[in-house]
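Listed next: structures, encoded as structure tokens.
Below, chain A partners chain B and then partners chain C, in two separate complexes.
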Partner chain A sequence: MIVAERKPLEEIKEMIAGYKRILIVGCGTCVTICWAGGEKEVGILSSQLRLAFGKDGNELLTSEVTIERQCEREMVEELRDKVQEVEAILSLGCGAGVQTIAEVFEETPVYPALNTKFVGMPEREGVWVETCRACGDCLLGETGGICPVVRCAKGLLNGPCGGTKRGKCEVDPEKDCAWTLIYRRLEKQGRLDLMRKYYPPRNFQAVTRPGKVEALQA
Partner chain B sequence: MGGNNKIVAFCCENSACAAADRAGKIRLYYPDNVRVIRVPCAGRVDVLHILKAFEKGADGVLVMGCQEEACRHLTGNTRARERVKYAEILLKESGIDGERVRMVNLAPEMAHKFAQEVSEMTERLKGLGPTPIKNGGPQR
Partner chain C sequence: MKAGTSLEKVLESGKFAVTAEVGPPRGTAASVIQRKGELLRPYCDALNVTDNQTAIVRMSSVSGCVLLKQLGVDPVMQMVCRDRNRIAIQSDILGAVALGIGNILCLSGDYQSFGDHPTAKGVFDLDSIQLIQLLSQMRDEKKFLSGENISGEVPLFIGAAENPYADPFEYRVLRLAKKVKAGADFIQTQAIFDVGKFAKWMEMVTERGLDKEVHILAGIIPIRAVGMARYMRDKVPGVSVPDGIVTRMEDAKEAREEGLKISLEIIEQIMDIPGVHGIHIMAVNWEDIVPAIVEKAGLLPRPLI
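So, the complex of A and B:
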């Protein structure tokens, strides 16, 4: 899933200073799961903004709504009536969500309340880690389902490097060495011979930016 | 007397509510500026409830639950403590003193502690003054 983090309140306040009526839009998919932009976070941000504006003696009218996915035009279209009543939109979606809303409602300014961080998974309750760099050239089948491109601090394809120590990384001793993890996983699978395989330098043009995928099926 | 400061106390019905009742029955003095809201467990109180209380004009919020390790729902009081900590951070971000919200653990027979906590919060609020948000800016 896409992992995001809310911007500091001060930054959000500065972005929407000058508006009196705003619509705060949450997204019910990835950012709900990573506690950044779901229905609850929309309620909290809305309340915080009203308190902060009220404290400064300014009035702020907020309406709140959370749609299932901000990155789909059809779902964003549902907001049309609400958007007509406001001066600006504050989106708690990922970057794709913000841009979809901006595209559907071209005449209304849209502001991002989140910083989109990475594609990842939960490590434990309340902690998410990056697990995929969306490089477009996946080699997980040969590395025991552990990605060295993103989980090795150096992105080594032919690891481990000399800095691995008791399974930890020399760059950050808190983090596991990805190549040690790969070794242990392949050992369990009886496929340690894959450790000897040489990987040539990666093709960093596997995805040209901006990336585009067209489905073959109709 | 408690003055003009308003305190909202979210009280667990298994402990703090009984303590508040008891304080009344034994005629203990405590400030009259507290409004008790009965909740089935302190764990029912969400950060949004706390923020909304301030939006609606509260000057201080108490979340009162059972003593540590004595929650009828096992972890309600520990969850409430975490949420109060989170609410403090959110309030500070909005420019409101985090000391205005406090978690209290007590047993049903601790009427004196109930009265003491309400008095202490009242004193604290006298020092901090009223919140700048009055008559709820909260418009929707």
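So, the complex of A and C:
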């Protein structure tokens, strides 16, 4: 899923300074699961903003809504009536959500309340880690299901660098060395021969940025 | 001969090689490199010029190498994958060869967050093994990574680093083998303090016959102060300093003298380990000690090539 993190309140407040009526839009998919932009977070941000504006002697009218997926035009369309009543939209969606809203309602400014961080998975309650770089050239089948492109800080393809210590990464000793994990996983699978294999430089054209995918059956 | 550099000739003749590291200045003074070059020239077969080590901006390695070359020193140009993509790397190699540089040391590079520009984008388009492979392709096939032809010769003596102390220990020799297969001609190891573990690693190296395919130079870092010993033990990625060495430094009356003594003891032991073809002295900000180390280790005079 896509993992995001809410921007600091001060920054959000500054972005929407000057508006009196805004629509705060949450998203019911990825960012709900990572506690950043679901119905609950929309409610919290809304009251925080009203309170902060009130303290400064300004009035802020907020309406709140959370739709299932902000990255789908049809679902965003449902917001049309509400959008007509406001000066600006504050989106708690990922970057794709913000842009879908902006495209559907071209005349209304849209502001991001989140910073979209990565594609990842939960590590434990309340902690998410990046596990996919969306590189477009997946080699997980050869690395024991552990991605070195994203989980190695340097994205090395040919084994661990010299900085790994006690299975941790030199860049951040809190993080595991991806290549040590890969080594141990391949060892368990009896596939250590893969550690000898030479992997040539990556093809950065696997996804020509900005990426575009057309379904095979289309 | 692949490049015909002094370093290659010394190593190919079977002599025990001595190299040292020259850190370029954080500024424009050629004299910094020249002073270090003059000082170390009689004591070393080649001098490495680091490439923005610890991700701190310094004068470029290629310019440092040219300055050394002008003094008659054989330079080793260090090249990290952190700062350049494959286009810039190949272009820099062509330029280095044109300037008479023959030894290149391929490194992945210290991560940018350790340096003075932590918000920089780390490139890492290639990793160090891919870099070695690329340089051997440029030299042996005279082809760019794209497969297109290079005009002119690309005589290179290709170096790589290896850390016998990194994890998983049992993988480090396989990784060395991978580097050798990719085309490494010489290896400069991470600093050796735990000689026992290094000897064990070398045993695995010689068992596989890798010492016959690549010249291994053991890394030496002379310790200047007890703080430095502690710092290296606790903070520097890839360096492994046993507590015993830190204690010796703590108990020493004269830290520098003790540091020198430790280095000499390590060199003495290393010279007895089969398969080691030289030492590489990384006297970070303490280049002045290198002559004493080389002399007291009995490694003078250096062979005339």
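Here, the second predicted complex is superposed on the first by the 217 of 218 C-alpha atoms of A that agree within 3 Å, B and C clash if a C-alpha of one lies under 4 Å from a C-alpha of the other, contacts with A are read in each partner's own complex, and residues count from 1 in each chain.
We adopt the following convention: a contact is a pair of C-beta atoms (placed from the backbone, for glycine too) under 8 Å apart; a residue touches a chain by one contact, two chains touch by 3 or more.
Keep in mind that this is a model prediction, so the values were computed, not measured.
When both complexes are overlaid on chain A, the residue A:A206 reaches neither chain B nor chain C. Contacts of A:S63 after superposition on the shared chain: chain B is touched, whereas chain C is not.
By the document's definition of touching, of the two partners only chain B reaches A:P8; chain C does not. Legend: residue contacts after superposition of the two complexes on their common chain; A:M195 is shown touching chain C, with no touch to chain B. In the overlay built on the shared chain, the residue A:K55 is in contact with chain B alone; chain C does not reach it. Comparing chain B with chain C, the partner in contact with more residues of chain A is C.
When the shared chain is aligned, chain B comes close enough to touch A:G43, but chain C does not. Shared interface residues of chain A (contacting chain B in one complex, chain C in the other): none. Interface of chain A with chain C (complex): residues 153-167, 170-171, 177, 180, 183-184, 195-196, 198-202, 204.
Those residues of chain B that touch chain A in the shared complex are 47-48, 51-52, 54-55, 90-91, 93-96, 131-133, 136-140.
Per the touch definition, chain C reaches chain A in the complex via residues 81-82, 86, 108-111, 113-114, 122, 124-130, 133-134, 145, 161-163, 166-168, 171, 174-175, 177-178, 181-182, 190, 237-238, 240.
The touching residues of chain A, counted against chain B in their complex, run 8-10, 40, 43-44, 47-57, 59-64.
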